[in-house]
Amino acid sequence: MRARPLTLGQRLTLAAPYLWIAAFFLAPMLLIAKISLSHSVLARPPYEPRFLPTDSLSDWWAKAQTLTFDNYRALVSDSLYFDAYVSSLAIAGVATLVTLVVAYPFALAMARSPRAWRPFLIGLAAAPFWTSFLIRVYAWIALLKDEGLINNALMALGLIDAPIQMFATNGAVVVGIVYSYLPFMLLPIYAALEGQDAGLREAAADLGASPVDVFLRVTLPLSREGVIAGALLVFIPAVGEFVIPDLLGGSDTLMIGRILWNDFFANHDWPAASAAAIALVTILLVPLVLWERARLHEGQERR
Amino acid sequence: MSPASNLVRRAVLAAGFVFLYAPIVILAVMSFNASRLVSVWGGFSTKWYAALLENELLIQSARISFAAAALSASIATLLGLLAAVSLSRFGSFRSRLLFFGAVHAPLVLPEVVLGLALLSCFVALGVGRGFTTLVIGHVTLTMCFTTVALLAALRGCDPTLEEAAMDLGATPARAFALVALPQIMPALASAFLLAFTISLDDFVIASFATGPGATTLPMRIYSQVRLGVSPQINAISTLLLGLVAIALGLSALAMRRAKR
Amino acid sequence: MSAPLLSVQGATKAFGATVALDDVSLHVGAGEFFALLGPSGCGKTTLMRCIAGFETPDSGRLTLRGEDLAGVPPHKRPVNMMFQSYALFPHLDVFENVAFGLRRKGEAKEAIEARVGELLEMTQLAPFGARRINELSGGQRQRVALARALAPRPALLLLDEPLGALDRKLREETQFQLKEIQRKTQTSFVIVTHDQDEALALADRIAVMRAGRVEQIAPPLDLYENPATRFVAGFVGETNFVEGVVARRDGPVLQTSFARLPRATCALPEGARATLSIRPERIEVARDGAGIPGRVEDFVFRGEYTLLRVRVSPEIVLRVGAYDGRYQIGDEVKLTIGPEAGVLFAEEA
């Protein structure tokens, strides 16, 4: 496609969102990229150097000399950061898998329900998404605590003698993520399954495939796009999650969102936090780019 | 479908909906518990709701949250509409890819990173944080959602209708206003509601973007929740859940009526 | 005919208040090309889905090679189906689509490759084995669907509107291919179609269905020449319906509003109301001489003949096939309907 010049009216239409995005998204992102190369000082803002419009060009040059990659080196050498990245990826990965295992049969059951029921069912499944995320996470505290409802119920049934510790564990964080992000997995898988031509399953059965074969050879492979989209929609925000590990996790639950938060608010180490943020974004871009490339590749193959 | 697989299907549906709704329902029931303890039912009581009415701080922050949500959702819907029009109707202009990427990026960006970036920017510019910065933060967060929703709606519109209007003598802008806009009215409404809900719900961006004078409801709830389960929080949560339930019910009714 | 391969006895099926199959009985012989013909909603698709195992008849019996099919799931029936939408697997290439049924049977790798190769050859798809389904043209997809359904060597092949999605020219070409493949493979084909030309061109025998019932089962020529009901006469081929009253005094005659039409044979009693179905090409047309006078109102050039619309009375227009002569609008003509031509039906109650 060739770019073409816009008319004045089009320019004016585009200007407002473009300027907003530039001022409040692109510029701030560039700023933290720059802060990530600075070093921490006790001041406000708590980093050096600062490039001021009143500086001369030579001042800027001198200041640019002091920029450093030390903060990025620290990300790798400091075990706190490194462990937090690994554990964030692990927790998000496990949570994504569990979400998939919960969401797939649920989505399948909805997609196979009578057509007239489907809008109602999908609406009912998506409705919690409209309610407060914070409240939904909070609801689990009352369930998971030592003196919470699940432990009480299990003890009342005589299944356990003493409460199992569920609250303030990594497991609780996984449960919280699964619960909060279920709609993000559910909807794309449902869309993929609902759009499938029932004739394909009949054709497979007609050609001798047992119901299990039909699922493994037709239904599952044809829902791949939905599964991948759902997994990304859960995994990516889960890696950077702050609220869930902070509320449901233990003091030893390491997640990068939490470390960032503490560095920023408690330690006032903005350069370190910025470097961690930039690194996080880079890590999360990898699966997205791979996915996009795979889609492009497939698209070309089909042409 | 065989009766056996039908039974399995229903069981899966039941289990799924229990998982989705049980925690919320239990929370709502507990808000009427006279006892302060989670595990003991001390009889039915509305005293926690009465206590809410006297909690000036909570009421104040609720006001701030609703005001910020209404204002930021309006701005985000307008900006989202302009962005969606640009992306769907202007062909491939220069720097479209940058614009497209930047508009969609906050969708996948961890909220903590966006909050951090905004706060750094406000501090670097020497802007005092408060209600205004809160709204700016929420517009930036929600405008990607409104853009995506409106872009999908605009792409779903039949372009020949607008072409027909232009063929009959309307300028492109008038053709858009007279033909496409009425078609995407439902999408505009749902984009606004989505932005409103996200803003009302947001805790992370608000924590970075707002200042001492403008503490939002989620921030107030959060600081109490960190101290453990509190019946008053159950009560305000139930109120918010009820509000959403009513809104969803009304919109479902409206949609059914519109279909007829 | 030898012992029937497929036998349907008294099959009945209702969906709620709609009766899709009403006491349907028919037999399909080994190696036969059989067609189920009827307008949409006549139950032909339901019958086919019952044979494939996707629907269960409410009552009646289906047997294949003498074995009752009740309770046998689709994947265990030696019956394959070519779907109207083709239902080709988009995530598999052409080769794997054709091999799908063979793999489910657990056949050896070499056997599968040989069989798939053979079928791709037969359907002229040999160079396309590695293609994805969405890289194929409509005609190619149609042939993949056929090859896939034939691959597991079914005892019976069901074809649901197999040519419906093809354009006219391709359809004719494909008809010949389909017949040739059926002869080569010696498989029984049951084709479902609403297109009478297709049924007449392909099938050894045709069952015409209407509102869940079988109206007539006959070879194409019999169906055309001797339709059993007025519906069959109207549905298969082009025809004129002429209404009148039977008079028998001086040999049987159909007295119509515009002419007396003598009949060679007539089983109906004196005074019975009846309808004559007469094909356009069975009405003779001449410029002059004896016959029913009429005036050419309109004509359509059809290549080998010209179809005339001839008004014979203020209310009645007959369609007439003229094989020679040029006619203009307004020409006066004389029509002759021979006593042997056409079929007489009693007025339906």
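By written order: A, B and C. Residues from 1 in each chain.
As a convention for this text, a contact is a pair of C-beta atoms (placed from the backbone, for glycine too) under 8 Å apart; a residue touches a chain by one contact, two chains touch by 3 or more.
Note that the structure is a prediction, hence the values are computed from the model and not measured.
**Q** Is the way these chains touch best called a line, a ring, a star, complete, or other?
**A** Chain contacts: open path, no cycle.
**Q** Among all other chains, pick the one whose mean CA position is farthest from the mean CA position of chain B.
**A** When every chain centre is compared against chain B, the largest gap points to C.
**Q** For chain B versus chain C, what separation do you get between their C-alpha means, in angstrom?
**A** Between these chains, centre-to-centre, one finds 58 Å.
**Q** Where the CA atoms of chain A average out and where those of chain B average out, how many Å apart are those spots?
**A** Averaging C-alpha atoms per chain gives centres 17 Å apart.
**Q** How big is the gap, in whole Å, between where the Cα atoms of chain A centre and where those of chain C centre?
**A** 58
**Q** Name the residues of chain A that each touch 2 or more other chains.
**A** Residue numbers touching two or more other chains: 211.
**Q** Tell me, which parts of chain A touch chain C in their complex?
**A** Of all residues in chain A, those touching chain C are 197, 199-200, 202-211, 213-214, 217-218, 221-222, 224, 301-303.
**Q** For chain C, which residues count as touching chain A in their complex?
**A** On the chain C side, the touching residues are 52-54, 73-77, 79-81, 83, 85, 87-91, 100-101, 104-105, 132, 134-135, 148-149, 151-152.
**Q** Spell out the part of chain B that touches chain A in their complex, as residue ranges.
**A** Listed in rising order, the residues of chain B that touch chain A are 1, 5, 8-10, 12-13, 15-17, 19-21, 23-24, 26-27, 30, 37-39, 78-80, 82-83, 85-86, 90-94, 96, 99, 102-103, 105-106, 108-114, 116-121, 123-124, 136-137, 139-140, 143, 147, 172-173, 197, 200-201, 203-204, 218, 221-222, 225-226, 228-229, 233, 237, 240-241, 244-245, 247-248, 252.
**Q** Once bound in the complex, which stretches of chain A touch chain B?
**A** Residues 1-6, 9-10, 13-14, 16-18, 20-22, 24-29, 31-32, 35, 44-45, 50, 102, 105-106, 108-110, 112-113, 121, 123-125, 127-128, 130-136, 138-143, 145, 147-149, 152, 179, 182, 211, 236-237, 239-243, 246-247, 257, 260-261, 264, 270, 273-274, 277, 280-281, 284, 288 of chain A touch chain B in their complex.
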